[in-house]
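Below, each structure is written out as structure tokens.
Both complexes shown next keep subunit A, but they swap its partner, so subunit B is in the first and subunit C is in the second.
Let's look at the complex of A and B:
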């Protein structure tokens, strides 16, 4: 089921949580709403789910206006950051809940409920936990049960609010891949909220980058990383070095008063001055992190560190040590007006 | 040796420990244990026969009946109100919320005698609504309805006060989850909200009931002390005591004391059950 959001606005007191949002979610895709906390992404998700009402604007499911329908009638599965499992019910009863509260004529019989719940528990690979209580489960298990519970009512849309936010790094990574596989199996239109760019880029078909209640960019993970539309996206996704033309960015001279954005892996280091645009720097710190080597340098007379990432091979071909004086030059950069830069 | 002299600095010597425990226990015995024993000793001072007669005497029986009736009305009334108010306060944002919380606390803040007096001023013969009530032949003050009203007022906060912090700590995510799974408001309440607060609710009901049965001040003002008609158990104790009928006074008092002991027993049981089931009785403090 596709979702269409048109001119959506939401204000809390004097604070504008959503400022004229327009967004199309295609049927069957997995979309990430990515942004720092307070950017409005959760509010947008809750409005789609019917837990919050927009001040004005349109919300359509498959072209049909759903604003008058409350959460119960939208057929949307919602997965909460803190799971929100029913603490007094077993895992089985949690998953069965959506089936048990159906109106009498739609409600499946006990045998059918049993079959469906066990099927869903097998889908999330936790059937063996069916008689436990939520308090007896780990965070990752709870989140998978929450997902099984949401899927029990066969929603046309699945909404996930920071689904992995409360989990530790290792479990997060695992669940991420698992969610992606599950989505490829089920093809439910899914929207998930995250503040973790790695999560969004790894899992989603498309990423919506939000900041301060507005959408900064919508695109595939590759697009938002390789071709950021705004300075905010540049900074928020991936690491970036900022070079202010008035301080130290000799290669931006023809652009006027601007800031150049350069990815750490787009910087060349050489021991000799190539031309006028090379920037002389001193190596401050060399750290090898797995397959890459991170070098931090500082321009003469500047306390700001510039981050450079080299592959292990390139570093080994021309090793550096703290205190070395070298020249750097970006292979690629983008300039933004000084005023518009975040 | 240095090791022998080592002492945990937060632990007092044995003598002081015993002294402190002794003082605490002595205090408890003097102010709580001794009076409780006295009640039963006095009640039974003239033997079991007289004790029994004091309890089955018509005025005493009527006082017990009235007390049970009042509690049977006041507790369910405050149960419904308490759940509704704490649900609204804990799960929703609305204007006047803090005012509502203040109003719930009001009966705790004013003296019970004043609470009773308010009803006399409102509904009494000389009160604001007195003439209207008289014209319609409705009698509230110096009658059972007045006693019920005063008791409801005094026991107003017990259940709500117990539930508000508990429900606030639980948040509303589970209710939102239930609704997103297709549950109606009623289904959400019966299947999710109520089971989550059951122990806290029971705890509040027990306290509310104990107070409803034991209330003296407010009830005394509105009752009119008509024997066999408008005296509750605490009032019966006072009346018989003032008539130097000590056995009768202490016999009914011993019933109230028993009620207190039973209440404490159930309260501990509820606390133990709640702990065992892993559901906190009170909100996070």
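Let's look at the complex of A and C:
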């Protein structure tokens, strides 16, 4: 089922949580809403789920206006950051809940409920826990049960609010791969909210980058990383060095008063001055982290550190040590007006 | 005992248990056993004759039935009040929250006099009921009103924190799964607060059984109809019938204890099913 959001606005008191949002979610895709906390991503998700009402604007599922329908009539599965499982029910009863509260005519019989619940529990690979209570499960297990519970009512849309936010790093990584595989199996239109750019880039088909209630960019993970539309996206996704043209960015001379954004891995280091656009710097810190080597340098007369990432091979070919004087030049960069730079 | 100790990582078990037993003995057990001792002077036959007297039986019936009715009413309305206080925010919420505790602070006799005045056939509220042919003050119904007033904070204050513990998210999750409001309440909220509600109920019930001050002003105290047992005990004391008074008190104590034990058992059972 596709979702269409048109001119959506939401205000909490004087605070504008969503400012004229327009967004199309294609049927069957896995979309990430990415942004820092307070950017409005969760509010947007809750409006889609019917837990919050927009001040004005349109929300369409498959072209049909759903604004007047409340949460239980939208056929939307919702997964919460803190699981929101029913504490007094077993895992089985949690998953069966959505089936048991169906109107009498649509409610499957007990045998069918049993079959469906066990099927879902097998899907999330936790059938062996069916008679436990939520308090007896680990965080990762709870979130998988929450997902099975949401899927039990065969929702047309799945909404996930920071689904891995409360889990530790290892489990988070494992679960997001698992979510991606599950989505490839079920092809259910899914929107998930995250503040973790790595998570968004790894899992989603498309990423929506939000900031302060507006959408900064919509694109594939590759697009938002390689071709950020705004300075905010540049800074929020991946690491970036900022060079102010006035101070120490000789290669930006033709652009006027601007800020240049350069990724750490897009900077070349050489021991000799190539041309007048090279910037002389001093190596301040060299740190090898797994397959990459991170070098921090500072321009003469500047206390700001510039971060450079080299592959280990490149570094080994021309090793650097603290205090070395070298020249740097970006292979590629983007410039933004001084005023628009965050 | 030693196996108890071995399982606990907290120090001071012996000291804490010793203190608990000593304290309970001084405050609860010794006064109560005095009751037994005093009653013993009657002998079992004498005791039985006193407590199965018609007037005593009638008063026990009034006391326990009105207390039960008041506790049920409090369980229901207390849950509603707690719900409103937890889930909604509105101007004056803090004031209402504070108002809930007033029955704790008010001298019960004052409450009884106020309620009796209000609900008397010519009182502010009583006159409208009188038109409908319902008499509240000076009837068992009046006793229920007084006991409801007295017991309300018990339910609200036990349910409120538990309800606060049930995240709004859980209700939203239930709604997104298609549950209507009634289903959300019946299947999600009620089971979560049931143990606390039962605690509040039994506290309100126990308090109502022992209530004296507020009831005697509104009850009318007609023997066999609206006379509560505590009043009967006082009456016996005034006639210097100490043994008779303690006999009735003992009977009340035994019934209360049995009822509270049963409620505790029910609670243990329901919480074992629930919040594990």
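Here, the second predicted complex is superposed on the first by the 342 of 342 C-alpha atoms of A that agree within 3 Å, B and C clash if a C-alpha of one lies under 4 Å from a C-alpha of the other, contacts with A are read in each partner's own complex, and residues count from 1 in each chain.
Note that a residue touches a chain if its C-beta (ideal position, glycine included) is under 8 Å from a C-beta of that chain, and two chains touch if they have at least 3 such contacts.
Bear in mind that the values here come from a model prediction, so they are computed numbers and not experimental data.
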item: Subunit C versus subunit B on the shared subunit A, clash or fit after superposition; value: clash
item: First, second, both or neither for A:176, with subunit B first and subunit C second; value: neither
item: Subunit B versus subunit C as contact partner of A:206, first or second or both or neither; value: neither
item: Touched partner set for A:142, first subunit B, second subunit C, both or neither; value: neither
item: Shared subunit A surface residues [contacts with subunit B and with subunit C]; value: 49-51, 70-72, 76-78, 80, 82, 84-88, 97-98, 101-102, 133, 135, 146, 149-150, 152-153
item: Parts of subunit A lying in touch with subunit C, wherever the complex brings them together; value: 49-51, 70-72, 74-78, 80, 82, 84-89, 97-98, 100-102, 133, 135-136, 146, 149-150, 152-153
item: Residue ranges of subunit B touching subunit A (in the complex, touch as defined); value: 173-174, 176-184, 187, 191-192, 195-196, 278-279
item: Subunit C residues within the subunit A interface of the complex; value: 167, 169-170, 172-180, 183, 187-188, 191-192, 273-276
item: Of all residues in subunit A, those that touch subunit B in their complex; value: 49-51, 70-72, 76-78, 80, 82, 84-88, 97-98, 101-102, 133, 135, 146, 149-150, 152-153
